[in-house]
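Here's the structure we're looking at; comments come further down.
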Amino acid sequence: MAAEFDSAKPIVAILMGSASDAEAVAPAKEIFLEFGIPYEIKVLSAHRTPDQTLAYVRSAKDRGINVLLAAAGGAAHLPGIAAAVTTLPVIGIPIKSKSLNGIDSLLSIVQMPSGIPVATVAIDGAANAAILAVEILALAHPHLSTALDAFRNKLQDKVLKSSV
Amino acid sequence: MAAEFDSAKPIVAILMGSASDAEAVAPAKEIFLEFGIPYEIKVLSAHRTPDQTLAYVRSAKDRGINVLLAAAGGAAHLPGIAAAVTTLPVIGIPIKSKSLNGIDSLLSIVQMPSGIPVATVAIDGAANAAILAVEILALAHPHLSTALDAFRNKLQDKVLKSSV
Amino acid sequence: MAAEFDSAKPIVAILMGSASDAEAVAPAKEIFLEFGIPYEIKVLSAHRTPDQTLAYVRSAKDRGINVLLAAAGGAAHLPGIAAAVTTLPVIGIPIKSKSLNGIDSLLSIVQMPSGIPVATVAIDGAANAAILAVEILALAHPHLSTALDAFRNKLQDKVLKSSV
Amino acid sequence: MAAEFDSAKPIVAILMGSASDAEAVAPAKEIFLEFGIPYEIKVLSAHRTPDQTLAYVRSAKDRGINVLLAAAGGAAHLPGIAAAVTTLPVIGIPIKSKSLNGIDSLLSIVQMPSGIPVATVAIDGAANAAILAVEILALAHPHLSTALDAFRNKLQDKVLKSSV
Amino acid sequence: MAAEFDSAKPIVAILMGSASDAEAVAPAKEIFLEFGIPYEIKVLSAHRTPDQTLAYVRSAKDRGINVLLAAAGGAAHLPGIAAAVTTLPVIGIPIKSKSLNGIDSLLSIVQMPSGIPVATVAIDGAANAAILAVEILALAHPHLSTALDAFRNKLQDKVLKSSV
Amino acid sequence: MAAEFDSAKPIVAILMGSASDAEAVAPAKEIFLEFGIPYEIKVLSAHRTPDQTLAYVRSAKDRGINVLLAAAGGAAHLPGIAAAVTTLPVIGIPIKSKSLNGIDSLLSIVQMPSGIPVATVAIDGAANAAILAVEILALAHPHLSTALDAFRNKLQDKVLKSSV
Amino acid sequence: MAAEFDSAKPIVAILMGSASDAEAVAPAKEIFLEFGIPYEIKVLSAHRTPDQTLAYVRSAKDRGINVLLAAAGGAAHLPGIAAAVTTLPVIGIPIKSKSLNGIDSLLSIVQMPSGIPVATVAIDGAANAAILAVEILALAHPHLSTALDAFRNKLQDKVLKSSV
Amino acid sequence: MAAEFDSAKPIVAILMGSASDAEAVAPAKEIFLEFGIPYEIKVLSAHRTPDQTLAYVRSAKDRGINVLLAAAGGAAHLPGIAAAVTTLPVIGIPIKSKSLNGIDSLLSIVQMPSGIPVATVAIDGAANAAILAVEILALAHPHLSTALDAFRNKLQDKVLKSSV
């Protein structure tokens, strides 16, 4: 799929709270590669690097970022804190946690107070977070809309060709 | 706030599974009014009116809709079914349910399979669903970005003026 | 057990949302084989192939299907969507999910709104889904009632012969 | 709706564990009245009247009963115990419980062991339990199939006429 | 520890719903051996062998049984059904279940309706079920009271000798 | 029902963690009155009066107490702490709590470590706690066994006379 | 109780995410009054006023604050974000939330990642949060230790004087 | 890091309910070593060694202990019982449990009644429990405050140097 975007100018950003989340976040990277979306990816913690996190999110819009993805587990504050300092859409990815399987991550991300939304996807739903970002970008970039249709067709074909 | 949009041409749609969800959905309408976003609102059920629901969602893009909000409770399939037949961003609003307080609605909406995302907000989080829609629209409509900043400032002022 | 049915004319259908559900669904096939019930089995997704799913379910009755089994995990919409477009009995099988162990699948399937029931069995309860279908078919096919009695006796004998 | 059945010969039975469940069970009665299905209804407890419960369920088939509905709350054993002594389809209705809101009732009913299914509906889902029974009866009684279609149309119309 | 009881005359009974529960139940046997309590052990299912289960429990008192232990998982009806047909104390052991880790077993056992108690212990708490039985027996058999004191001392010593 | 016991010599004790638990515990008193069981009742807290609690429980056996009931809510330690200092049977009653409806109370009471059992009943199950105590006492007091049979018959009659 | 502290120099701070938390936080104020601890109290939101929140927490130590209390509900980020920018002890108070009764607030506060602790108390446990703060302050202020002993005695007396 | 404390005079104590908790508790020891905090560590059970536990906790203050850590799983009473007999700050560490993954441990520890707080950290959060203790000690020992700043910087650097 030919990309319309300048690969040196990321338009989406992927944040994760810890390098240990990299594996859970990988499917988002694959989606962005598949759709030709230039992305930047960074480990930044709401708790361990609050200043850098806020600075990074605050400058995102001016750097050309359109949508932020933020993945975190446990008391997962990263997406909510990002949402607090930008009006860009923030997509939260709850990471499956060691003891509570991610129900803590999910509730910490989705139950945001009125005024500051986080668009939450399934536990370990990094692929869907990226697809949602593509859907948002497609509103201004019609070629992505076409690409999403093709992607859907591929999903559909895979199901239809399944034999059991 | 002066609206830039043609009020006769809705750019967002609010779906709800039952007329009894109207109260829970009302805060979304208020947000859209506040931001001058023309919206359409409709009761359509994934289970009771599947054909009309699919037809409505499928035609949304051509009608000029950019973002869909879908509210549902219990085995809340409406957002997911909408997402299945459009590549527009779909925002799911889990409605608090009578017996399980909305944890069923939340899980039914957020735990979507890979490929078909639903941007999920908090239980009874209709206001945030609408704000998220505004954030998405603001990517192509800078005046909304300004309006969001003003809205945030208002939120901030309200907190700062609280006395306890 | 001698079958009374034409093996070329399935009277029950097993749907699953993904080929990865095949293993969880296998016990249903074994039950139908044991009772001599001709079945058809198909991978169809409420989200990835909504049209084909609806068409398949809608035509089921005319094809001679009496009961549908639908297995799905996570935001498990397949049984509910099937139930929305047929008045045949639909039996829902919640599949154990990766992060939440199937409690999401269970609630997404069982908490259906008034008007559109799904007969829900236990998480990973494919065998019981099939037995329930046999019980339903037995209302019109007395030989199945006899077979169910024999099946129950076998279950009973197995317990009574257990030594610990 | 004209009934095809002899009103003196119930073909479905509704069991409940306690007279206090009567209100929760009432919607099932209304459905059966609407569809002209003669029913019998009885308070019988798995724990307080085990013998009478077993005798009642065991004799159901010979009395002409085709489907049993059983409603119970808390450690809700009634549907499972009924299913243990009949091969008629048993539909379980989890009643909302005082402390745990029915999640105990739901798990006690739906998580049946392999071999003895209970067709479980939503918490306080008595109406759907009855509709499911009608769907099962409709396999042998085509007029019920027609009536179900009409019922679905009514549901659909009600949604389509909603204004919000 | 010298036993005061006739080893041919069991005074406690251990029931389990399936032979697959044998491992979970084994710690109860060890406790009874340690305290010199003659026990009988049997696989009997509330769902697969309801008649044999009821007959076994009903005759328990006349056979000299003082306390019944009943272990079951999932929709764990065995302890409750046993309690329904005897006034002997029934101790319920929730077995850890495959999908829900035993929270279903626990709620199915502990949430009994007023009038028919089941003395419930922890998930997979077979050892404690047996110790509770010994505590009950000790009310009439003072040597068991002494033995329990010694057992407690052993527990205490083990903790006090731990080094970390 | 004529009592065989000296009403001045309590043989069971009811503990509760707070005077606010009195209403939840009242059904236990009614049961003991009905069965003619002399009881003592006391407010003692595992956390606010640990010494008095331990002293009271430790002296219970010598005072003639056979069974202890302990009711508590939230981080409900009272039953477990009582069980730690006596080998009398301790029956735990989880009180419905303000925020979590008693699931915290239930888990805090039932999930005891190996060696120190608490016989746990349903949330707010004080009546069943008392009946369980009567069942235990009946092992040495045959008149209670007869009384329990009569009590069961009354329960049964009440169900059989229900009309709905 | 005579205060040793300068009432114009608060040594503890109470933060809450919204003025609507004031009632839930009130018991903390009462405790501080009772122990003569000068406190400051402020509404500051992690999401609506992130900068002011961070500035306030960061300057707390230099202003003479020893311990921070932070109360929040839902996706309760306030305590964690406070803990991220101070090494003073932060005590988190989960507020009971509208739909999920505070289990979301609790998990969002307590499940902090390694490195940044929040000392969490019970849902709506503002009084205990304040008492914990007093216990911490008492390490350097022996008169508080004496006051805590008196407070404990009062608690104990209240229990011992309860009659039921 | 040079220690200011006499290594022969522990100022913090780590309790655990069972030697099997040693591995979960180890991260606390590492933190104390890193900060040069002399600690004592002991296996003592609220249920198996109640007297020794109470005696140990009661004498802690006079032995020079400033803060107690208590780790326990299941019906985790150790932290609460420790808190009942000291006014020193008690930090509770919920240990991940075998069947319920530690949600039982967490609720048993955190849901303490008003008057007796336990400062609760995350499930298996021993490291954070120790860091919280250091934060408390730092109020009177400024060198620990400096050390905590350095520790935070190290955490921050580790995040900033992550590459993914």
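Per-chain numbering from 1; labels A, B, C, D, E, F, G and H assigned in written order.
Keep in mind that, in the parts below, a contact is a pair of C-beta atoms (placed from the backbone, for glycine too) under 8 Å apart; a residue touches a chain by one contact, two chains touch by 3 or more.
Small disclaimer: the values here were computed from a predicted structure and weren't measured.
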item	value
Repeated interface matching C-E, over half of the contact pairs identical, chosen among F-H, E-F or F-G	F-G
Pair with more cross-chain C-beta pairs in contact, given F-G and E-F	E-F
Chain centre separation in whole Å, for chain B relative to chain A (CA means)	19
Approximate Å spacing (C-alpha centroids) for the pair chain C, chain F	45
For chain E paired with chain H, centre-to-centre distance based on mean C-alpha positions, whole Å	36
Shared interface positions of chain D, touching two or more other chains	18, 45, 48, 74-75, 100-101, 103, 110-112, 115-116, 118, 122-123, 152, 155
Complex contact set, residues of chain H against chain A	96, 101-103, 122-124, 152, 155-156, 158-160, 162-164
Contact set on chain E toward chain C in their complex	16, 18-19, 22, 25, 41-45, 48-49, 52, 74-75, 98-101
Residue ranges of chain D touching chain C (in the complex, touch as defined)	27, 66-67, 87-89, 91, 106, 110-112, 114-123, 125, 127-129, 131-132, 135-140, 145, 148-149, 151-152, 155
Residues of chain C touching chain B in the complex	17-18, 45-48, 50, 54, 73-75, 77, 80-81, 83-85, 97, 100, 103-104, 107-113, 115-116, 118
